[in-house]
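Right after this note come the structures.
Across the two complexes that follow, subunit A remains constant while its partner is subunit B and subsequently subunit C.
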Partner chain A sequence: MSWLHSWCGLVFGWLLFGILLTGSIAVFYDEITYWLTPEMRGGPLPERHQVMHLGWTYLDAKAPQSRLWKITLPTTREPFLGVSWRTAEGRTVNQRLDPETGAQIKRDSEGGSFYLKYHEGLHIDRDKNPLGLLVVGATGVAMLVACISGIIVHKRIFKDFFVLRPSASAQRSMLDLHNVLGVMALPFHLVMAYTGLVLLYWLYVPAAVQALYHGDAPKFRTEAITQEFKTVVGKPAGPAGLMGPDQVLERAELYLGPGKMAYVYVRDPHRANAMVEAYRMRDDQVSQQVNQVALNGVTGQEVRVLVKRSLPFRVQAFAAALHWVEWGGNAARWGYFLAGLISSTMVGMGLAVFVEKRARQARRPLAWLRVIGAVNVAAVGGLCVACIAYLWAERLISVSVHGRAAWSVAVFFWVWVVTAIHAGVRPSRRAWAEQFGLTAMLCLGAPFLGGLIVRDLEAADGVRVAVDLTLIGLGLVFAGMSAGLVLKRPASTVRGLKLVEA
Partner chain B sequence: MIAISLVLSCVGLWLVAVAMLKHYRQVWGGTPRQPVPTILRVAGVLVILAGASANVRAFGFAMGLVSWILCYLPACGVAVVAGLAYWPTFRARRSD
Partner chain C sequence: MAIELKKDEPSIWQIVARTVAALALGYVLTYILTAALSLALFRAGWASRPDAANISTNLAFLAFPAVVIWLFSQRRLIWALGAPSVATILLAFLTVVLRL
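Then we have the complex of A and B:
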């Protein structure tokens, strides 16, 4: 079992660290997008009717013939008006507008959703290639295996529940930290690994649908995971027309609750069969599938009501919400962020313990251990550098550059490649210290790019200042870790660790 | 309310921790006589539960319980462990 925990943890730990770290950052992906988009304005949001009107008028002028509109109202997390429409060719156009002026926010950027894309599929386009999703799924299974085998191999789990010996040997103190972070946040590790798999059950466990429904996915969806609706009124065949945005908002919020409509789809606008589907916000319930209402686009009458959701559907929606944490506000998000960092540190410590333990036991230098040590540095330290380098790229690359979003992503991966080369050529301990030091410098410098923090403080922009301060805090932590590696007793004094230093 | 929940959770976990012989010796020196460890454990669990209920009160049942179990309790646990790791041992304090 120890062998399984060690090797499963090592092989998948390289991937897992990145998935966990980017997942932790992605908890605040909206805030990061806002921080990376100076065109967005903070402060109090304009009145919802006014914003709805703005989006409606924009779509009416821009895409009157479209068969599908979508209007996403601004929130404190996403303070912009989102509009999208489907073109005659079937392509969907998304635009972000200033909720007060209606001016388009033209910035080619993935923003904070870059971290989300890496977290869920290693930034491989899921529509073109499911490889990223499959690899992340396999890593999730490996995380569950490592957690359970870790509980079994940790014989003194209760006796050492609160034990951390920072002044003991490097291996002992790192193992203590790995154990403490693993045990304390065990519910988080297990729930995140499991719910991550439940999110995409149809991809990860297709055998059940094959066996029980002979591959008939629509039948499976109808029977197992469907939502039951009741059609109240048939589609009208009267003259074309469309109720106004004020009416839509009022009618929708009658069903969804005041101030609770998040976004609305308008199907077949200006046609006799126009239909408006309004969806509720997810911020006050632990369920990813939220209430919705469908209205006749001409008369405003309710045409479809939710009767019931099947139990599997509700369970899946609950599990998905546990993973996505769109509920609970900033307090819950900060909790997830910290717990995610605990998970990442636990994995990073596990990787370091693997090398440290074997280096101590070795009687001669082992080349493979040197390679594993270098990969550890690249997977942990290198990814930290790359994650912050992405923010620098987003801040420094001009808005006018063609393909700007792709350039920022390229910077992330190229920086990671460079850190991997650095990890390969430098002695292990120095490579750790240098990469953590570089991460610290990038974190501490990012808020000062172009006097950003000064402007944020002057504008009293709470979200941007919070991102600035978090970066500075993380920078100080990384600086402390780097200094600790430089100042603490060199590992080469430990028998057999010279090979890591070589 | 969330701050109260965090403080109660930390205090509760600390009480459970010092009920263990190793940490009892570290904090107070000597060996505890029954029923002191039992009292500490029971008190600790009760305070932890009070922390959970404070969070439930702040967030509502589902959100409060989930966020407390998944995030706040582990964070408090790590804080308590870090505190105990750097807590001066009883002997060291007496020699001061």
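Then we have the complex of A and C:
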């Protein structure tokens, strides 16, 4: 069992560290997008009717012939007006507008959702290749295995929880830290690993869809929705005069609650069969369940009625919401961010213990252990550098550069490649110290790119200043870790070790 | 469950066999369990078709880590591999019987 924990932890730990770290960062993906987009204005949002009008007239002018419009109203977390429409060729165009002026935000960027895409599928486009998704799913299973086998391996789990020997040998204190962090956040680890699988269950194990639907996944998803709703056939529509934006907002919020409409689809605008589907915000409920109202686009009558919620889908939506954390506001997001960093640190420490323990037992340099040590540095230190290098790329690449979003992503992966080479050629301890040191410098420098932090402070922009300060805080932590590695001699060479351990 | 492999580092063939089994048998058993459970729930009238798919898949996820732990906790290889293999064959049989 100990063997399972060590090796499963090592092989999947290399992947898991990146998935956990990007997942922790992705908790704040909206805030990061906002921080990376100077064109977005914070502060009080304009009146909702006014914004709805702006989006509506924009779509009417840009895409009057389109069969599908979407308008996303701004929120404090995403303070822009989103418009999108389907073209005659079936392509979807997405645009972000200033909610006050209607000016288009022409910044080709993935923003904070880059971390989300890495977290869910290693940034491999899931529509083109499900491999990334499946690898992350397998890593989720491995995390469950590592948690359970870790508990079994650890016989004195409760007693050892209170043991931390910072001045003992490096291996001991790292193992203690690994144990403390592992046990402290154990419910979080288990719940996140399991709910991560529940989020996209039919993709990971398509057996039931195969058995019950002969592999027709769209049919399964349609049936899952239609079993809860009944479509009411309205009277034949009269003249094809589409409802106005005011009416749509007011009628939709009659059902969804005042101020609760998040986005709205308009199907077949200006046609007799026009339909409006409005979706509710999820910030005040621990459920990913779709909450929507469908209205006849001409008469405003409800055309789909909720019959009964399915209990299994409610449970699944609850589990999914535990993972997605759209609820609970900033307190929940900070909790998840810090717990996620604890998970990442636990995995990083586990990887380091693997090498330390075997190096000590062997008492001579082992070639294969040297390789594993280098991969550890690249998987942990290198990923930290790459994550922050992405922010630098986003900050420094001019808005006018063609294919800008792809360039920033490329910077992330190339920086990671370079750190892997660095880890391969430098002595292990130096490599750790240098990569943490570089992460520290990049974290500390990011808020000052283009004098950003000064502007944020002047504008008293709470969200941007919070991102700036978080980066500085993380920079100091990394600087501390780097300095610790440089200054503190390996504990095994410290004289008087026996005294400390006794 | 708490039976440990005798030595800390078991033989390479033991490791290869158990690792391959953990990945392959773990997934196959999870897959077949999902299929059998979804068909049983639907056929028995305990759940609608989408509900059956939902319940079975989300419960079967738990089988995967359980199989992996089992494979590495049993001292005898034949027993470690045998039990999940027999379970897979029985569930596969059930799936064929209940198929739509």
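Operating definition for what follows: the second predicted complex is superposed on the first by the 466 of 502 C-alpha atoms of A that agree within 3 Å, B and C clash if a C-alpha of one lies under 4 Å from a C-alpha of the other, contacts with A are read in each partner's own complex, and residues count from 1 in each chain.
To be clear about the criterion, contacts are C-beta pairs under 8 Å (C-beta built on N, C-alpha and C of every residue); 3 or more make two chains touch, one makes a residue touch a chain.
As the structure is a prediction and not an experimental result, all values here were calculated from the model.
Student: Counting only touches as set out at the top, which of subunit B and subunit C does A:201 meet: first, second, both, neither?
Tutor: The answer is second: A:201 touches subunit C but not subunit B.
Student: Of the two partner chains, subunit B (first) and subunit C (second), which one does A:425 touch, if any: first, second, both, or neither?
Tutor: neither
Student: Tell me which touches more residues of subunit A here: subunit C or subunit B.
Tutor: C
Student: Would you sort A:223 into first (subunit B), second (subunit C), both or neither based on which partner it touches?
Tutor: Only subunit C; A:223 stays clear of subunit B.
Student: Report for A:328: first if it touches subunit B alone, second if subunit C alone, otherwise both or neither.
Tutor: A:328: touches subunit B, not subunit C.
Student: In the superposed arrangement, which partner chain does A:61 touch: subunit B (first), subunit C (second), both, or neither?
Tutor: Once the two structures are laid over each other on A, A:61 reaches no partner at all.
Student: Write out the stretch or stretches of subunit A touching subunit C in their complex.
Tutor: Touching subunit C: residues 1-4, 8, 141, 144-145, 148-149, 152, 194, 197-198, 201-202, 204-205, 207-214, 220, 223-224, 227, 310-313, 316, 319 of subunit A.
Student: Residue numbers of subunit B touching subunit A in their complex, please.
Tutor: So the residues of subunit B touching subunit A come out as 2, 13, 17, 20, 22-23, 58-60, 62-63, 66-67, 69-75, 77-78, 80-82, 84-86.
Student: Once bound in the complex, which stretches of subunit C touch subunit A?
Tutor: Subunit C reaches subunit A through residues 1-2, 4-5, 8-10, 15, 26, 30-35, 37-39, 42, 47-58, 60-62, 64-65, 68-69, 72-73, 95, 99-100.
Student: Quick check on the complex: what are the subunit A residues that touch subunit B?
Tutor: 159, 161-166, 180-181, 184-188, 191, 284-286, 322, 327-328, 331-332, 335-336, 338-339, 342
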